[in-house]
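For reference, the structures are reproduced in the following blocks.
Shared between the two complexes below is subunit A, which has subunit B as its partner in the first and subunit C in the second.
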Partner chain A sequence: MVKYAIQRIIYMFLVFIVIMLMCFVLVRMLPLPVLPPEDPHTQVVRMRREAMGYNEPYLVQFGLFVKNVVTKFDWGLSDKLYFGQDVWSIFKQKLPATVIVNLYSIIFSIPIGIFLGIVAALKKNTWVDYTISTLTMVVISVPSFVYAFLIQYVFCYKLQLFPFVMEAGENWFSPAMIRSMVPAVLALSFGVIAGFTRTTRAELTEVLTSDYMLLARVKGLTLPQATLRHALRNCFVVVVPQIFGEFLGILAGSLIIEKIFAIPGVGSLTLNAINGPDYNLFMLSTAFYTAIGLSAAVVVDISYGFLDPRIRMGAVK
Partner chain B sequence: MGLWNDNRYMIKWAAVLLCCVVLLTGCAAGGKTDSASDASGKGSSASADRYTYNTSVDQLCTNWNPHTYMTANDSYPHEFVTSSLYSLIFNDALHPLEGKEPYEGYVIVPEMAAADPIDITKEVRTKHPVFGIPSSADSGYAFRIKLRDDLCWDDGTPIDANTFVESLKRLLDPKLLNYRASDVYKGTYSIANSEKFANAGVGVFTSFADLNTTYEAYIAEGHTDDEVFVDISGIWNITTADNKTYAAITDDTKIRDEAVEEGQPGDYISAKEIWDTYLNAGMIDGPETYTGIVEYKYEADYPFENVGLYAEDDLTLVFVFNSALDGFYLTSALSTSWLVKPELYDACLKETKTASGSVWSSTYCTSKDTSVSYGPYKIASYQMDKSIRFTRNDKWYGYHDGRHVYVDPVDEKQYDMYQTTDIDCQVIADTTTTKQMFFAGKLAAYGLQAEDYDRYRNSEYCYQTPGSTVYFAIINGFADVIKKREEAADFDKKTKDLETITLPVFREACAVTFDKSAFVQNVMPRCKEGFGLIGSTYIYDPDECLYYRQTDIARKTLCDFYSVKADEYSSLESAEESITGYDPVKAAELFQKTYEEALEKGFITDLDGDGHSDQTVTLTYSVAADTDHQTRIIDYLNESFKEATAGSGFDGKIQVIKSAPLGNDWSNSLRNGLTDIVLAGWSGSRLDPFNLTDLYVDSSRAFDGMWFDAASHDMMLDIDGEEVTMNLKQWSDSLNGQTVTVSGKEYNFGYGKADVDTRLAILAGFENAILATGDYSPLANDGSMYLATQKTYDVTDDYNPILGYGDLSYTRYNYNDKEWEQYVKSQGGILQY
Partner chain C sequence: MNSKTEFPKIPKEKFAFVSDKDIFLDEAPKTLARGYFGDALIRFKENRSSVVAFWILVFLVAFAFFAPVISPYSLKDQDKIYTSFPAFVPFFAERGMTFLGGARVYDSQNDASMLYWEGIAEETDMDPVIDVIKTYETPAKRRGEDIVRYTYDIRVNAYYALGNVYKVLSYNEFDKIQAWQNETGIQVIYPYVHPRDIRDIRNNPNLWYKVNEKGVAEVDEDGDFIPVYATQKEDEGAPYDSLRIEGDDGSYIYSVKKSGAVQCRVNYYNYYRYQNGHEPFYLFGTSLLGMDMFCAIGMGARFSLIFAAVVALINMTIGIFYGSVQGYYGGAVDMALDRICDILSGVPFIIVATLFQQHLAQKVGVVPSFIFAFVLTGWIGVAALTRKQFYRFKGYEFVLAARTLGASDKRLMFKHILPNAAGTLITSCALVIPAVISSETALSYLGIVDLSSFAGTTLGTLLSQGNASATTAPHTILWPSIFLGLLMISFNLFGNGLRDAFNPATRGTEN
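Showing the complex of A and B:
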C-alpha cells in the first residue's frame, strides 16, 4: 500500500508538471492584450513582460516561471485586475472565505444527507422514503442560486434572522461571522444534502438486502446494530470518496452564491483572470486547482484501501 | 485496522458533526440581525454617538495609490482620505455669492492652504528663467501658497511644504513610470518642466497619431529620419534581435518574420523595407492613422530642481505653470491629489530586474497598513473585494478650526460639516440584494432599476441626477456601403430598400418623428428629453457656474432648429420650453416627400400603382447584446415610424430590426455602414462643452465619420463684425485652442484666446450645423434616479453639477445609528418609500 501511495504521488507530480506546462504554453501562445500606445502603463507592462521572459522561447519562459516559483515562490504580478500586486497574496487573501463557507456547508450537509439516506433506505417504499426521495429529486434539479434568493428573501429580508451578506473581516469563527454565513451555507447545502441522501439510500438499500445482513440478523443483532456495524461500513466505500470529491468543490467556490451573499472568495477569480485577461493570476489558480484535483484523486484512491480491507491496489502478490 | 473498526469511532464522528450543526444553528438563534457591524467582525456598532453612512459598490478599489490608480473605483477612497489646497463649497450666508441665492453656486475657499494664492509671476520670471515664463507674462504663471501650520498625517506626522515637493518628485520619478504622472503635465494645466523631468533618461516613443502630425509635416518641422521609428511589433509582429519592438525607418537590419515560411519571399524583412514598401506608400497604417509610426525622443537626465514646484520655507510653496491660469482652473491645478507620505511610499516600492533595466511596482495604498490619510476620514479596515470602512481622522485640522461650518438654507442655523462619523462601504454586486438591504435600512441609497421607476419615481425620497450624455438616434448615411449591401445576393430588392435612408429629406422626417417625451417615459424613465447636441449639465464658465444650455444663444439655436418662433413667446426660455421636437403632421408630409423622391431616384418601386412603396425600408438596429432594453427601444422606433408614416407612401413600410449581438463592435458596425440605426451618445468634461465639438469632426471618433467630412462643410459666422468662413473641422480646432490659418489669417478661439461670448457663438453655430446634417437626432438627456435613505437628508434639493446635492460633508442625519436601528425596527424592519 505504501509503495502504491508513493507511486501515485510521483505520478501526480508528473501529471501536475505536464498540465502546468501545457497551460503555460497555451496561455503564452495566446495573443497578448493590446497595449494602447498612449496608455502610461504600456511601458511598465512591456518591461514586466520582458522580465517574465515573454521574448524568449516557450521552454525558457517556463523554466523562468518554475525557477521563480520554486526559489522565491514568486507567481508574478497581476497585470490587469489588481495591477502591480502580487498574485499569490491576492489569492491567499481570498481563499479562506471560500474554504470556510464551503467547509461549513459540508460539515452541515454530510450528516444530514447520510441520515436522510439511511432513513429512506430503512423505510424503503414507505411514505417516508417517497417523501425524502421526491424532495431529493426536486432539490437536485433546482440550481443553488434559486435557493440563495429564496433564503435571502425569507430569512434575511422578511424574517430578519440573518444578515443579508457575509460579515466583513477575517474572524472566521466569531459568532457574528458564523451567523452571517448561515444563509450562504444553507444555499450551498441543499444540493450536497440531496446528493448524499441519494447515494446513501441507493447503497444502503442494496447492502441491506445482502446475505451477510441476513446472517447478522440471524446471529441475533438488532436491525440498528446490523445496519451500523455491517451495512453502513460497506455503503461508505462509495459515500466517503464522494466526501473527498466535495472537498474539491469547497475550494472552487460558487460564483453566484459568492455574488449574492458578498463572499470575498475565489469563486470568480479564475473566470475574471481569463476574461481580464490576467495570465499570472490564471496560472496560479490553475496550478492550485490542478494540485487540489490531483491530490483529491490520490486520496480517494488510497482511501479505498482503508475503507475496504478487500481492496489492495498495487499490492504485490 | 481501519477507521471504522469500532462503533465508538462512529459515535465520536457523529458527536463532532452534531456539535457543528448545533453551533451553526445556535448562532442563528441570536435574534434579529444587527446593523452593519464593523469590518473587523466585532459585532454591532450601533450607538448613540455614531452616524454611519452605509453604502455599497459593485466593485471595490484595489489600488488607490494617488500615483498609479487607474479607475474611478480605485479613486473612491480619495474623497475621504485626502484634502486639497483649495476646495469648492456651496455659497451660503457665510460665503455669499453676488447675484446668486444660497446653494445656487459655489465658492472657492482655502483648505490645506492658509490663504488665497498670491500671483508672483513677475518675481519668478525674473529670478528663475529656467521655468520659461514668457517675457510678456505678468500674471497667471507662478503662485505662492502659504500652508496651514497644523497639517499632518493620521498618525500625527506633520505635513509641510517639503512633503509636497517630495511627493511630486516621486510622482514624476522617471524610473517609476507612474500612471498618474502625466496628470500634472498633460491635462488642462501643466507644472513647468514636469514633463521633461518625468521623461528624463527614458526614450519616449510617441505615435504620429498622438502628435497629430504626418511624416511629411514632421520632417518639414526640421526633424530627421533618425527620429522616426516603426512599431514593428504592432505592425508586423516581429521584434529586433535584442527584443526591441521599435526600429528606425533607416534601419535595414533583416529580421526573421516567423509568419512566412523560410525561403519564401518576405521571410526576412527590415524596418526600412516596412517603411519604404508599405507605410510610406500608404498601404497600411497610412496617413489616416499613423499609429504605427512614432517619434523617438531621448531626454538626458533632467534635474528636479527645474520643475515648477519648490518650497521657500516649511510653510510656503511656489507653483509655476507652463500656461496662465486663474479662477476655477487654478483651483483644479492646485488639487495636489498626488500627496504621499514619502517614507511609507518608499518602503512600499519593489524593484524587479529585467534584461534591459528595472521595473518597479508598489503596494502603497493597497491595504490599510500601506495607506495613510490627510483628509477628514481614515481607513479603519479594508478587505479586498469585500469592504472598506472609514472612520473620523481626529488629527484632521478641519474638525477643530471652526472654518468647516455652513448655514442650512431651511432653518438658517449653523452646522458643522462632516456629521458622518463612519462610512461603511461593502461590495454588493447583486441588485436584488442591494434593494432588499436598502429597504431594510442597511444602505443609504438604492439606484432605481427599470422595473422600479413606475413605483418610486414620485417618492419624496427619489432623486434624479442629470447625466452628461445626450442619446441620439444615429442613422446610417454611408451611401457606398449601403449600395453594396443592396447589391449582395441575399438582399431582396423587390421587398426591401436601404438607399432611401441616405436621402436628406428622410433624415428631416426622422427629426420630427420621435416623441421624445413619450420615449423617456416609456423607454428610458431615468432620462429627460434631449433636444440639442450638448446636454443640460455642461458649464461654460466654471467660475460663475453658468450653463451653456441656459444661454440665450443656445436657446435660440434650438428654437431655430425646431422652427419655434421665439418672438411669439414672452422669453427665449419659454420659447425653448415649448419645443417638443415632435410633429407627426410634418413628419407624414416629409415621409410622403421622401417617398416621391425615392421613387424618382429608383430606390423603390410602386408597380401596382397604389401610391405605396413596394419595398419596406428596413433599418438594422445595432445592438451590443440582445437585451430587453434594446427590444423596448426598437419597439418604440417601430411604433413611431408606423404613426409618422400613416397616410404617406411609406405607410407601414419602415421597419427597424435588431442586428445580431455585436459586442464591442456595435459602434464600428454603424460607422462602417453595416447597420443602419442606433441609439448612442457622447459625454465629456462637464466643464468644457467646447471640447465636445471634436467628437463630431474627428473621423476616427464620430459615428458618421465615414460618410460625413467635417472638413468639407463650411460655416460662416459673424465674429466681432467680421464674416469668417471656415469648415467645421477648423471651427472646432480653433475653438479648442489650435491656431487655424484661413485665407492667410490666423484664428484661435481657445480658452483665454477669445472672449467667452465669441466662443459661445461658435459653439452654438457648430451645434446647429451638426444637427442640420440629420445624422444625429437627439432623443434623451441621460440621468439616473435613486432612492435616498430616511436616515439622512441633503442640504439642498437643487442639483449642482459640481457639488451634486452636497457631498458627504453636508450630509445631515435624522437619526443616529442607535435611533435608526430602533426606527427601522418600529417600522417592522422594512421601510416604506
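Showing the complex of A and C:
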C-alpha cells in the first residue's frame, strides 16, 4: 500500500513536469508584451528576461525556470499587471480570500449534503426522496453562474440582505466581511451539497440492499443500528475520498463565482493574468491548478485503499 | 426413470417413422423480435421524466433554430436607444397592460415627476403611466403650514416614457420623414422648442411647456400646460409642409439649423416606426446592445448547440478510435496510450482554452481554435469508456468464434465488438453536449473567448451583458438564464434516461 502510494506520487510528479514543460514552451512561444519605455522598472524587467533565458533554446529556458523555482522558489516577475513585482508574493496575497470563502462553503455544505443523501436513501421512493433527488438533479445540471445570478438578484438586490460584492480589505473575520461573503458562499455551496447528496444517496441505496445488511438485521440489529454501524461505514468508503478531494479543491476555487462576486482571490488573478496577458503570473496559475488537479486525484485514489481494506491498490493479481 | 431397466427385445417392425416425407423444423417464433435499440426505446418511453425532458429539448432546439427566423429582427438590428428595454408588444401596450407592455417600475415619484409624465402623454398622445402601484402620504411643513406630500410607485411604459428625442437629420432625411408622415398620418416630428424658452435646459427634449428653473411645469389657473413652441421663422432649418400638431396655427417651426443639417424633436416611438416599417415588437425585451432578446437567445443557442454537436462528433470519432485500439490490443500499447491520456487530462481546461486562443485564434479563427481546445482533452472520456467496453467484450465467445473464422482485427473491432458498446457511447454523447455548452457559456461569460464576432452573440455573452444591467433590467439576464437552465436540465434528464434504457443491468428492475 505504502509502496503503491509512493509510486503514484512519483508518477504524479512526472506527469506534472511534462505538463509544465508543454505549457512552458507554449507560453514562451507567445509574443512578449511591450514594455513601457518610461517606467523605472523597464530596465529591471528587461534584465530579468535576459536572465530568464529568452533568446535561448526552450529547453535551456525551462531548465532555468525549474532551477529558479526549485532553489529560490522564484516564479519570475509580473510584466504587465503588477509591473515588476514578484508573482509568488502577489499570488500569496490572493490565496486567503479564495481559501476562506471556499472553506466556509465546504464546512456548511458537506454535512448538509451527506445528511440529505442519507435521508433520501432511507426514504427511497417516497416524496421526500423525489423532492431531494429532483432538486439535486436540477442544481447539478444548471451551471453555477445561473444560480449565482439568482442569489445576487434575490438576496442582494431585491431583499438587500447582503452587499453585491465582497468587502475589500484583508480583515477576513470582521462581521461586515463575513456578511459580504454569504452570497458567494451560498452560490458555491449549492453545487457541493448536490454532489454529496447524489453520491451518498446512490452509495447508500446500494449498500442498504446488500446481503450483509440483511444478515445484520437477521442477527437482531434494529434498522437504525444496522444502518449506522454497517451501511453508513461502507457508504463512507466512497464519500470520504470525495471530501478529501473537495478540501484540496478549495484552493482552486471557482473562476466564475469569484468574478461574479468580485472575490479578490486566485481565480480573479488568473482571469486577469489571462486577459493581461501576464505570462509569468499565468505560468504560476497553470502550475497551481495542475498541481491541485493531479494531487486531488492521487489523494482520492490512495484514500480508497487506506479506508477500505477490501480494496488492494496496485496489488499484483 | 431407472436407466437400468432392461427392455425386452422389441421387434423391428414395431418401429415406424413418424413421417418419411415432411421435414420438421423449429417453428418460427410467433412473438415480435425485439432488438437492442427497440428494447432500449421501449424502456426509455417508460421513464416519464426523460420523455418530458426529451420533448422540452425538442422545443428548445426548435426555438433556437426558428426564433431568429420568426423574429422581425436580425442581430444587426441594434437599436441605439431601446437598450435593455423590457418586453413590449404593441397589442398589450395599447391596452395599458403591464404584461408585455414595456412596463418598468419607477418608485418614489413625486407630483412634479407625475406632471412630467402627464406632459409627455399630452404632447405625444401616448400615456406612459400604466398604473399606480402604491401611494405614500408624508406629512410635511411648508411655510409653517401642515401639508401632505404624495409620492407614488408607478409602472411606466418605458417605450412611451422615452417620448421625444433630439435628432439631427440631413435635409434629405427630413423631407423623407415628412413624406412618410403625409402618407401614414403619424406624427414623427414635433415642433421645436428653444432651450432659452425652457430655462436653458438642453438635455430634456420632452419639455414643451413653461417650466421653472427646476424643470417642473408651471401650469395656468386651469392646471393646463402653457406651450412654448418656437415660432421664429428665421430660425427654421428647412421648410416643413406636413402634419401639424393640434393647436398649431401654422406658425410653429419644426426644425432649426444645425451645421449643414437640421435639428428637430422627434417622437422616438414613431421615428422607430418610420425607420423599421413596424412598431417595436420585443417579446423578451432588448439586450444591452439593443438587440431583440428573442432573436439573440435563439442565435446564441443555435451557435452553442451546433458547436457542441460538432465538438461531440469529433470527440466521439477520436475517442472511439483511440479507445478501440487501446482496449483491443491492450498490454504495452494500452500502457503507452494511457500515459498520453494521463498527461493531457492533467492540464486544466481553462489553461488549454487560453493557450489555444493565444496561439491559434489569429491563424485559424476563434471558433476552430476553440473547437481544438475542446477536442484536445474532450475525447479522453470517450476513449476511456470505449476501452472499458472493449475489455469487457473482447474475451467473449462470439469474438473467439469470429477470430477462428478468420476475421481481421479491424473487422473484429468495428463489426463485432464496437456495436456492443454503441448504447453506452450514445449516452455519453448525450451527456457530453450539455457539458460542452456549459463550459462554452462559462468561457464566453468570463470573456476568455470572444465568439460574438463569429456567432453574432452567444448565451455566455448575453449573460455577461445581462449581468451588467441585472438590477435595472432583470429580463436581460432572466431569459438567457432560464433558457440555459432548461436546456441543461432537459439534456441531463434525457441523457440519464438514455443511460438507464441502454443499461441491460436495469432491465426488468423497474417496478
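Everything below uses one rule, namely that the second predicted complex is superposed on the first by the 281 of 317 C-alpha atoms of A that agree within 3 Å, B and C clash if a C-alpha of one lies under 4 Å from a C-alpha of the other, contacts with A are read in each partner's own complex, and residues count from 1 in each chain.
Keep in mind that, in the parts below, a residue touches a chain if its C-beta (ideal position, glycine included) is under 8 Å from a C-beta of that chain, and two chains touch if they have at least 3 such contacts.
All figures in this text were calculated on a predicted structure; none of them were measured in a lab.
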Inset, instruction - Have a look at subunit B and subunit C on subunit A after the superposition and call it: clash or fit. - result: clash
Inset, instruction - Would you check which partner chain A:I274 touches, where first means subunit B only, second means subunit C only, and both and neither mean what they say? - result: second
Legend entry - subunit B versus subunit C as contact partner of A:P175, first or second or both or neither: first
Inset, instruction - Give one of first, second, both or neither to describe whether A:V15 is in contact with subunit B, with subunit C, with both, or with none. - result: second
Inset, instruction - Figure out whether A:Q93 sits in contact with subunit B (first) or subunit C (second), or with both, or with neither. - result: first
Inset, instruction - Scan A:F108 for contacts with subunit B and subunit C and give back first, second, both or neither. - result: first
Legend entry - First (subunit B), second (subunit C), both or neither touched by A:K259: both
Inset, instruction - Could you look at A:M137 and tell me whether it touches subunit B, subunit C, both or neither (first, second, both, neither)? - result: second
Inset, instruction - Mind working out whether A:A51 is in touch with subunit B, subunit C, both or neither, as first, second, both or neither? - result: first
Legend entry - Touching partner for A:Q160 - first (subunit B), second (subunit C), both, neither: first
Inset, instruction - Determine, for the stretches 6-14, 60-68, 78-86 or 366-374 of subunit C, which one clashes with subunit B when the structures are superposed. - result: 78-86
Inset, instruction - Jot down the residues of subunit A that show up as touching in both complexes, subunit B in one and subunit C in the other. - result: 149, 152-153, 157, 259-260
Legend entry - subunit C residues touching subunit A - in the complex, by the definition given at the top: 342-343, 346-348, 350-351, 354-355, 358-359, 434, 438, 441-442, 445-448, 463, 466-467, 470-471, 474, 477, 481, 484-485, 488-489, 491-493, 496
Inset, instruction - Would you tell me which residues of subunit A are touching subunit C in their complex? - result: 15-16, 18-19, 22-23, 26-27, 29-30, 137-138, 140-143, 145-146, 149-150, 152-153, 157, 255-256, 259-260, 270-271, 274-275, 277, 282, 285-286, 289-290, 293-294
Legend entry - Residue ranges of subunit B in contact with subunit A within the complex: 1-4, 7, 10, 14, 17-18, 20-21, 23-24, 27-28, 30, 32-34, 37-43, 62-63, 68, 70, 177-182, 202, 205-207, 209-210, 231, 239, 243, 245, 291, 294, 352-359, 361-363, 366, 381, 383-387, 389, 426-430, 432-433, 436-437, 439-440, 442, 829-830
Legend entry - Sites on subunit A touched by subunit B in the complex: 37-38, 40-41, 43-44, 46-48, 50-51, 55, 77, 81-85, 90, 93-94, 97, 104, 107-108, 110-112, 149, 152-153, 156-158, 160-171, 174-179, 182, 185, 228-229, 232-233, 236, 259-262, 264, 306-307, 309
